[in-house]
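Scrolling down, you'll hit the structures one after another.
Consider the two complexes below, in which chain A is the common component and chain B and chain C are the respective partners.
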Partner chain A sequence: MSDMTELVEPVETGHQMRDEIRSISERSRARRQVRSRIMVVLCALALLVTAVPLVLLLFQLFNRGLPVVLHIGFYTQLPQTPSLIAPNATGGVSNAILGTLVLTLYASVMAIPVGVLVGVYLAESDSKLAATLRVISQTMAGAPSILMGLFAFSFIVRDLHVGFSAIAGSFALAVLMLPVIVISSEIAVRGVPHTLREAGLALGAKPHKVSMKIVLPAAVTGIVTGIILAISRAIGETAPVLLVIGGGYINSWKPLDPVSALPLSIYENAKSEWPSLRTEVWGIALVLVVFVFVLSLSARIWASRKQQAR
Partner chain B sequence: MDQEFMAQVETKVVAPTESPERGAAAMQLKGVAVSFHGRVAVRDCTFDVTKNRVTSLIGPSGSGKTTLLRALNRLHDLTPGAKVAGQILLEGTDIYRGDITVTELRTRVGMVFQRPNPFPTMSIYENAVSGLRFNGVKKKSILDEAAETSLKSAALWDSVQSRLKVAASNLSGGEQQRLCIARALAMDPEVLLMDEPTSALDPIATLKIEELMTELKKRVTVIIVTHNMQQAARISDDCAFLLMGEDRAGELIEFDTTEKIFNNPIDPRTLDYTLGRFG
Partner chain C sequence: MSIVIPPPPDFTTHEAGGAEFNSATPTRTWYHYVLILASIVFAAVSVGFIGTILWNALPDFEHHTGTLLGGNGWQSPAGPFGGLAMIVGTLETSVVALVIAVVIGLGTSISIVFLLPRRFRNVVATLVELLAAVPSVVYGLWGFLVLAPWMLKTVIPWLNSWPFAKELFGNPGQQDGQSLLLASIVLAVMILPTFVAISREVISVVPNDLIEASLSLGATRWQMIREVVLPTAKIGLFGATFLALARATGETVAVALVAGGVANVQYHLLYPGTSIASWIATEFGEAQGNEIAALMALGVLLMLVNFGLSLISRGLVSRQRKVLAVV
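Presenting the complex of A and B:
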């Protein structure tokens, strides 16, 4: 009650409202500070919950993977099946490393041009076709990746009689990458200020020139980021390639040859009864993680340089 | 064009004041009206834009100045639901119905926008010659010459001569706007449309652009939209005053020499506006 009497006292300054606000604020300060501290502690806890599994995972990965990847033979040799005489003779994963690179390359060649062009089209057009394509790519982006493998298997491996091959695997990966590239390209192109388009049109440029010479270059950072994202996703996928690449035990870059891939090797080695092969899994996983890390890091560096140059 | 809209538009045609000292018309507007989805944004615009003079469009916000300006290079073409009625003649050719393509029109009628919008991925040089490149000019000697001439005309050559390959975004706001002027001038247009070209600039950069305009009108006809009455009085020779009508559509109230609009207008609303009583 003492507070109240203080408040109703006539205040000479004529700032009753201001004084009242200040006194309320004063009284609630302690309570607000306690609440603030509790929130900070909660946030820190949440961070810890997120960070601990990640750190454990990375520790496990390096702890078990590093001894494997330090052998040069891991990169240069083909896989061997251990025997009772040589239980540690696992060979290397050169076929899987080359296979992953080849699959990603072919998939990129297929998915990037189509994806970027469709993305630009979606951003620039209001047609029914564009709306339909957008729904399709959004649906595809959410589709389970094994579906792409199944599709490639029945369509390319079986119906087209191509057989288990790199091209079938990269087709499956390309289908997986496509919606990611389409959606991110559309967003990037939509982000280009309208005034730039108008500036181009006002110079007598035809609409397609405006798209290609002004809008696309201005959107390139976003588009490339989307491409890298798509590649990073595809490179680690097991399901789409599992059914179609044939797990070839040879080093080959030819599209029609059966190849292997890093995720596939992990899957197969992890099921093995040989402890040496199960240990090797960590090395393969480490290589895969480094691939993805280098890819996204270089994309980030490139994008920030590009941004600074503006 | 729907009949109702046309009838609405052709109600009143204000005859331009004939004055003997004025030269030939670069552009003629006859009962021009622009509507979006049937809602009229500006109408009743009839006046001649005289060659080698600066014509300013003034009026309060919403009076349709920019809308009218953008009709002059058919920039409304891509806006869904936009319609332009009446006639706009460039050297006697109807730009909407006559024997002229929209791309040709835009090379002959250049435009400078409210905010400097150089192409961010291009160098200063590439920006200056971008219009030529878009229109298929590839010869290096022509491009080089056009870059130099246009940058000189935009009073930018001296300060950028040594860094033509640098990204245009490294320039200051005022320099960027002059680069946009150079970009438009490189096409050697007959008419240059300027949509509040100094509204995003500081006073010194504004002054430079104003000085430039006085120089520019020797070779190009300038039509400028401005909110700034002093600017209109300083730089323009002719002046069109627009005002929003009761149905919220802008219309031309008065067109005359700038001197007459500011000193001795016929319509009392023009006087009220130029004296700053509203708007």
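Presenting the complex of A and C:
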């Protein structure tokens, strides 16, 4: 700038114009920067607003839930209905814990084989059937879970005359898990490098041998991660099981017995008028959240470790 | 609805896996038939799922479509079963929740990607995804036992101190704090992690070249975000929004716990109301005959809305992938 002023004889009007331009540009830059700062602060504020309720939720969950879950009876006793004589006799939730495990087990047995096989088929085929199934699985993956309850009720409970039972609940959960397993298995199998498969074929292995002995083992990390995520989603679902499992008050693993489940007893205890049940409900919620967190964290950690190993 | 579904793979760049399964090649083995069989089972279950609900809803659609879509009031067990209150309630709660969640969630995703120090980013992202996995009944429980008393003691008196608030939100007086507004807030808190998880991913894959180019031209940080990042990520962000909306409309037990469960068309958000999904959940236990058909018909409505939303959102997200592939 200083060179320019020496070379060109400064004219008064030019001076003014230059100063004016400079001041305008400086003002606009200041304005832009102020606006940028404001918006950045607003964004940071949004992060805070997001964090506060979620942190509060987790804090209250642990704060109110921990005293409940420290009693052994919480895990081993059956629930009792408090009475005026014994307002604090809530018993435990052994039936709900067992029920959740049983429901998840049966649902997994139904959903995992079919889901993985369909995922493999989708990854290895580009037929019309595969294209249709892809759309179906992606649509089903987001379907409201209450609809699975309606399906299981009309089909299993009523039309097949099975009645309110563990098997009806696990059928609903299996329908819920299926599309998740299908999608994640397809992604996992597609992620296996082509060269691996081609090497197998070039060595003269039959296509199904290549698929089972080479591609599936290479994709197993992704498949298992998807399965765990599907299970952790199914464990927490209330709506489908609410309609069909019958809320049994006994410890039972039999498929045809009515059972209870952790999310169901949260829902029912929360609505109860007894303060003691409303205290106990935080413990049930804590157990459920710990279940879900352990499942999804282990899936994540395992997946990332396998990825690093490769 | 508690896990973020992994995004669908990009089928345009990958070639479909094994050529051996194309119909042209003759080597079909038992393995192939097992796969086909499983696929047919899956297709049958899906078709059965949709068909069963439609079939059971048919009696209601035959006689009472007008009542279902336009009637107010739900007289159990004889009817009429009007669905207007649930439809309006679902609309109100999910739209209010969506507005809250999108505004706050967008800011959150931007600050996770551009403001947080690099080493915190992954931790926060994992945390957000964990929170998206928390079962919805736990959010409902928290809203019911913690937020409802707080609304009653703090929020409602505060809201009523504003001019025109009573006309806008209504003045419920002394109730138990359950209301459509509370349902919207709980829904917003619930869909926030889902929305942030997806929108963070969409924003973080905006190419660095674009960002650096805009910064080198003298753009401020906000100009870079507004003029470059958000337009590039626009389609994916819309996709995330529709997915969050689909989740909000389908949410059942959380709304059942906090909305109050009153089947009246209610435009004042501080009064109790209900939604389609939560109404099905709370009424199904005692329903008989015609009422079951009416609830199934509500289910069909919910299914149509949800499938529409998720088709739109998946289309948008996959189009975003193509946009970024071009950039």
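Keep this in mind: the second predicted complex is superposed on the first by the 252 of 310 C-alpha atoms of A that agree within 3 Å, B and C clash if a C-alpha of one lies under 4 Å from a C-alpha of the other, contacts with A are read in each partner's own complex, and residues count from 1 in each chain.
Quick note on the criterion: contacts are C-beta pairs under 8 Å (C-beta built on N, C-alpha and C of every residue); 3 or more make two chains touch, one makes a residue touch a chain.
Everything numeric here is computed off the predicted structure, so don't read it as measured data.
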{"item": "Which superposed partner A:S298 touches (first chain B, second chain C, both, neither)", "value": "neither"}
{"item": "Contacts of A:S28 with chain B and chain C, given as first, second, both or neither", "value": "neither"}
{"item": "Partner chain(s) touched by A:Q16 [first = chain B, second = chain C, both, neither]", "value": "neither"}
{"item": "First, second, both or neither for A:A202, with chain B first and chain C second", "value": "first"}
{"item": "Per-residue touch tally on chain A - higher for chain B or for chain C", "value": "C"}
{"item": "Which superposed partner A:V180 touches (first chain B, second chain C, both, neither)", "value": "second"}
{"item": "First (chain B), second (chain C), both or neither touched by A:T81", "value": "neither"}
{"item": "Partner chain(s) touched by A:N63 [first = chain B, second = chain C, both, neither]", "value": "neither"}
{"item": "Touched partner set for A:I266, first chain B, second chain C, both or neither", "value": "second"}
{"item": "Shared chain A contacts, counted only where both chain B and chain C touch the same residue", "value": "126, 201, 206-207, 210"}
{"item": "Chain B partner contacts - residues on chain A that touch it in the complex", "value": "126, 193, 195-196, 198-207, 209-210, 213-214, 217-218, 220, 309-310"}
{"item": "Of all residues in chain A, those that touch chain C in their complex", "value": "32-33, 35-36, 38-40, 42-47, 49-50, 53-54, 56-57, 60-61, 113-115, 117-118, 120-127, 129-130, 132-134, 136-151, 153-155, 175, 178, 180, 182-184, 186-187, 189-190, 194, 197, 201, 206-208, 210-212, 226, 229-230, 232-233, 235-239, 242-243, 263, 266-267, 270-271, 278, 281-282, 285, 288-289, 292-293, 296-297, 300"}
{"item": "In the complex, chain C residues that touch chain A", "value": "1-3, 5-6, 8-9, 14-18, 20-23, 27, 29-32, 34-36, 38-39, 41-43, 45-46, 48-49, 52-53, 55-56, 103-108, 110-112, 114-116, 126, 129-131, 133-142, 144-146, 189, 192-193, 196, 220-223, 225-226, 243, 246-247, 249-253, 256-257, 277, 280-281, 284-285, 295-296, 299, 302-303, 306-307, 309-311, 314"}
{"item": "Residues of chain B defined as touching chain A within the complex", "value": "73, 75, 78, 80, 103-107, 110-111, 113, 115, 117, 119-122, 130-131, 133-135, 167, 169, 180, 183-184, 187"}
